[in-house]
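Presented sequentially are two complexes of chain A, the first with chain B as partner and the second with chain C.
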Partner chain A sequence: MKRIASTETLAALLLLVPLLAVPWAFKPYTANVLAVYMIYGILALSLTLIWGYAGIMSFGQTAFFGIGAYAYGAIGLNLINRTQQTHAAVLGGLVVAAFLAAVVGYFMFYGRISDVYASIITLALTLVLFAFAVSTGGDEWVIGVARFGGFNGMFGQGESSQNIANFQIPPVTVWLPGMAQPFEFKINRESAAGYFLVLGMSVVMYLTARWLLRARLGRVAVGIRENEARVASLGYDTRFYKFALFTIAGAIAGLAGILFAAWGRFVNPDRFGLGFASSTVVYVLLGGRTSLLGGFVGAAIVGYLTSYLAEIAPFGTIPGDATPWARFLMEAGRRIVREAPLLVQGAVLVGIVLALEDGVTPPLSRLLTRYRRWAWWLLLPAVVFYFGQRVACLQADVCLF
Partner chain B sequence: MLSVAEIHVAYGRTPALTGPSLAVGPGEIVSIIGRNGVGKTTLLKAIIGLLRVTSGTIHLDGQDVTRLPAYERARRGLGYVPQGRMIFAGLTVEENLLIGADLSPAIGRALVEEVLTEFPHLRQRYRQRGDTLSGGEQQMLALGRALAGGPKVLLLDEPSEGIQPSIVEEIGTRIASISRARGLAIVLVEQNIEFAAALAQRIYVMEKGRIAREIPPERVMDEDIVRDYLAV
Partner chain C sequence: MPERILEVASLTKHFGGLRAVHLDLTVDARELRCLIGPNGAGKSTFFRMLSGAMRPSSGTVRFQGRDITGWDAFRIARLGMSIKFQVASVLEELSVRDNLHLAAEFRFGNREGRRRAAEMLEVVGLAERAEHPATWLSHGEKQWLEIGMASVGEPALILLDEPTAGMTAEEMKKTVRLLKRLNEVATVIVVEHDMNFIRMIAGRVTVMHQGEVFAEGSMEDIERNEGVRAIYLGKGSQYVVRR
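And now, the complex of A and B:
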C-alpha cells in the first residue's frame, strides 16, 4: 500500500508542479491552451466514470457538456449586468445538465435498455440537440437578452454596460459579501485566475471521482461492468446505481461545459456535434478508460497533436542529391502531413490504441512505479529545475539558456 | 425457511421447470442431484429471481417473494453462489467481500471478519485481485461474499466443480459447520454425489424439470439409483 501511495504522490507532484508554474513560465497562450485541454479532460473524466467503471458506453456525454454551456451562457448573459456575478449561472448550468442526465438515465436504466442501445440513445440525444441548436438562428430564439444565435453561437444583445449592442458570455465571476468588487476568472496578461479555476476544478473532480469509486458505488459499478445479474443477486438494485452514476457523470460533464463557455466566452452547436462526441470517446480510449487520469492525458495528447501537426513543415528540406524515389516519398509525406493533419492524427491514434490496449496512462504509471527512485531523484528535480528556470527567465530575465 | 411450490419456468417456448416443489428449514442442508440439463441451475436461478416464474410460488420466511426482483430477495436473506464461482475478477478479495457485506451495513464488517476466520486462505490474499486466486480460493471467496451479506438461506450451485479434492473436502467441512453454527438453510446443487451425500440431510433427484424422488443420503450410492437417475 505504501508503495502505491508514494507513486501517487510522485505522479501528483510531477503533474502539479509544472501545471502550477505554467502562468509564470510561459505566455498566457499556453495557459489558455492547457485550460481547454483540462476542460476536455473533465468531460472525458465523466465518460471514464461511467464507461470505464460501470461499462455504460455513453457516446453523447457532449449533450450534457453542451447543455451546461448553453445554460451557463443564457443565465450568465442575463445576470451579469444586473448582479455583476455569475453564481446562479454556474449553479443553473450544473442543475440543467444533471437534470437532463437524470431524465435520460431514468428512462434508459429503469426501461432496462441494454448496453449498445444506451450508446445509440445518448448519441442520438446529442445529435438532436445539435440539430436543435443549429435551428435557433432566428430572432424568436431568445431568453431575456441571451440570443441562441444558431450556427453562430450564443451572444447577448441589448442591455450592456458598455452600450455595445452585442456582448459575449461572461467569464465565471464571483462577488461574495465582503468583497469590494466582483472578481473575474480570466486568463490574460494580467491574470491567470481562470487557468487556476480550471486546474482547481480538474483536481476537485478527479478527487471526487476517486472518492466515489473507492466507496460502495465504485465496487457496485465494477460489479455491474463484470456481470450485472451477479450484483443483483447480491442484493443491489443495479438500475438505481447506474442511474445515480450516470446523473453524477452528467453533472461533471455539465461543469466542463460551464467552464468551456466561461473560458471561450462562447458556445456554438459544434459542442453537440458528432466530431466533438467522438473526440471525447477518443480521449478516453487513448488515455485509458481504467484510469481516472486517462481522459486528461488523452485530451492533452490529441490537443497537442492537432496543433503541432497543423504548424510543422515536416522533414526539413529535401537534399538536392536525393534519388527520385526518395524525393517522391519525402514530398508525399510532407504533403500528407501538411494538407491532411487529421489523417496523420487518426493514424497515430489508431496505432496507439492497437499497441496499447489499455491506453497510455496505465503503462506510464507502471513505469513510474518501477523507476520510482529514479523519478524521485532525477526526473522530479529536472522538472522543478526546468520550470524554475523558465519562471526566472520570463519574470526576471535570468535566462540560463 | 424457504419453500418452493410447483414453480414453472420456460426459456421461450421450451419449458425448463415443470413444477418442482421443495422446502428447507433452518440449519438444514438439502441437496439436489441429477443429470446435466434437468434444470438444477434453472431452479436456483428461479429461486433467487434471475428467471421469471410463470406459475407457482416461492416463500421465504413465510413471505411470498415470487414476484420480487432478485435484489429484493437477496435483501430479505437469500444468498446465491453461482456456478463457476463468478467472483468479481477486477476487484480485490476485500472489495468482493465488502460488496456482499454492504447489504447489511450495521453488521457487515463483523460478518467479513467472521468469514475471514472461517476461511483463513482469504485473509492471506486480502488485497489481491480476484483473478489472481486459485479455483479453490475463488470458491471460498464466492461463498464468503454470499455469507458476508448475512443470509438465512444459501443457494449453492456446484461448489465442488473443478476444484482439487483436498480443497473440496475442506470447503465441505466449512459449509457443514457454518450451516450448523448459524442455523443457515442450504440448497446444494451438485454433480458430485459423494460430496452431496456427505453434507445433505435430504437428497432430491431432478428429472425433466421436476423433482422425481427423494432418496436417503445413505442409499445414494446404491447401484440401482445411480443407474436409474444419474448415469449418462
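And now, the complex of A and C:
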C-alpha cells in the first residue's frame, strides 16, 4: 500500500514539474488552455472523491460547478468596482456551492434514497438549473450590476464604463492590507499569475483530497463503497459520512466553477448542460476512478482531443481524378472529423474505456512503479522540448504552442 | 442472579402473510448461547432484527436495560452489540489491518484503534496477512477476520451467524478457542448448523423451529429431546444425532 502511495506522489511530481515551467517556455495561449484543463480536472477530482471512493455516482456534479461560477460572477461584478477585490466573491461561490450540495445531500442520504437514484437526482438538479439559467434572459434577472443574461451568459451592466472588460466577470483579484494596489490573477503576455493560481489550487485540492481519504472520513467512505451495511454495523452513521463527503465534493466543484468564471471572465448555462455533465463523467472514467490524478489526466486527454480534432483536415486536398465513390468517402470522413468532433471523440473514448476498464492511470502507474528508478529521466524530453521550442520560437518565430 | 443483557419479548416479523419469526428469549450477561434450528427456522432474520438491519413487525428488544426496538443499526452498534453476518462481509478492497482498524476506530479513536487492531491481528492469527487486501483471504480466514471485526470494539454482546461455515476440522477447533476467548469478556450468541461445533462450545442451546423457540437447555438435554430429533431428521426417525 505504501509503495502505491509513493508511486502516486512520484506521478504527481512528474506532472507538476513541467507544468510549473509552462509560462516561461510557451505562449500565454498554452497556459490558458492548460489552465482550463486543470479547472476541469479539479471538477473531475470532486467526482472521483465521491464516485471512486464512496461509490456515489453524481451525474450532475456540474450543478455545483455552475452555481459556484454564477455566484462568483454575480458577487464579483458588484464588488469589483466598489472594493477593487473579489475576496467575498470567492468565498460566496464556495459557500453557495457547498450549501446546495449540503441541502441536496441531506435529502438524498437522510431520506434513505438508494445510491442508484443519487445519479439521477443530481443529473436532474443540473438540468433544472440549466433550464432556470436559460430562462433568466429578462430585465428582471439582475442582481445589482450583474445581469444573468439567459442563454447569453452573465455580464455586468455598467453606466460609465467605456471598456468592454468592465462588463465582464472580474478575474480573481486580491487586495490585502499592506498591498499598494490590487493584484489580478490574469493570464496574458505580462502575467501568468492566473495560471499559477489554477495550478496552485489544483495542487491544494489534490492534497486536500489525499488528506481526506487518509482521515477517518475517507476510510469510512471506502468502507461504504465496499459494504455499507457492514460499516453501519460497526457503529458508523453512514448517512452522515456520505453527506459530509458529498458536501465537500460540492465545495470543490464550486471552487472549480469559481476559477472557471474568473478564467474565462464569463459563464453561461452550458456549464449546467448535459454535454458538460457527461464530459465530467467521461474525464473520470477515462482517467480512472481509483486515482485522484485520473480526473486531471482524463480532462487533459479529452480537452486536447477535442481541440486537435477540430483543427485537422484529414486526407489533405482530395485529388481531382478520384472516383466519385472515393471522393464521397473522403469528403464524408473529413466532414465527420471536422464537423462532428464529438462523434469521433466519443468513439475514441468508448474504445479506451472498453480496452482499459479502470481508465488510463492504473496501467501508467504500474509502468511507473516498475521503472521508478528511471522516472526522473522522463523529465528530460520535456526539458529538451521546452528549450528547443523556445529557441525556435524566439529565433525563427516557429512556435509550436 | 446474573444480569440479563438481552430480553426479547414476542418479537415478530411478517413477510406478507408469512410469519417468519415470533419469539421470546432472554440471555444472561457473559453467557455463550448457541442458536440452532433447521433452514428457514428464522435464525438469520432474528439476528437481522436484533442488529437493526431489519425492522421488526412487532414486539420489543431490550438490550442492557434499554428498549432498542427499531433503532438504526449504527446506534445499536454504538450501544455495544456487534454482528458477524452469515455471508462473510469483510470490506474486500481494504487491507486486513484496515478492516480491523475501521472496526476499532469508532470506539477507540485513530491511534488506540490502530494498536487494538494490531493486537486483534495476533488474536485471530492473521498477522502475516495484515497488509493483504481482504479479498485475497481464504474463506476461513475471512470468517476469522469478521470475528475479529465483531469483537475488536469490545462490545458487550457479539452475534455470530455461522462462524464456521466452510471450515475444515482444524480451522473449526481454532474458531472454538477464539470464541471461548471472546466469551471471557463478552456475551456471545452463535448460530450454527454443525453439531460437533455446538458440542465443543458446550454452552446453553436454544432450538428454533418455524420462527419460534422450540426447546432450550444443555446440549445433552437437546440431544435427548425427541421433538428436536424429529425436526432435524423427520418424524419417527430412529437416528440419533451422531456423537
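In this text, the second predicted complex is superposed on the first by the 333 of 401 C-alpha atoms of A that agree within 3 Å, B and C clash if a C-alpha of one lies under 4 Å from a C-alpha of the other, contacts with A are read in each partner's own complex, and residues count from 1 in each chain.
Operating definition for what follows: a contact is a pair of C-beta atoms (placed from the backbone, for glycine too) under 8 Å apart; a residue touches a chain by one contact, two chains touch by 3 or more.
These numbers were taken from a predicted model, which means no experiment stands behind them.
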item	value
Clash or fit, chain B versus chain C on superposed chain A	clash
Touching partner for A:G223 - first (chain B), second (chain C), both, neither	both
Touched partner set for A:S233, first chain B, second chain C, both or neither	both
First (chain B), second (chain C), both or neither touched by A:G178	neither
Common ground on chain A, meaning residues reached by chain C in one complex and by chain B in the other	1, 216, 219-220, 222-223, 226-227, 229-238
Touching residues (chain side chain A, partner chain C) in the complex	1, 216, 219-220, 222-223, 226-227, 229-238
Residue ranges of chain A in contact with chain B within the complex	1, 216, 219-220, 222-223, 225-227, 229-238
Complex contact set, residues of chain C against chain A	51-53, 72-74, 77-78, 82-83, 85, 89-95, 98, 101-103, 105-107, 110, 131, 149, 153
Of chain B, residues touching chain A in the complex	48-50, 69-71, 74-75, 80, 82, 86, 88-91, 95, 98-100, 102-103, 127, 145-146, 149
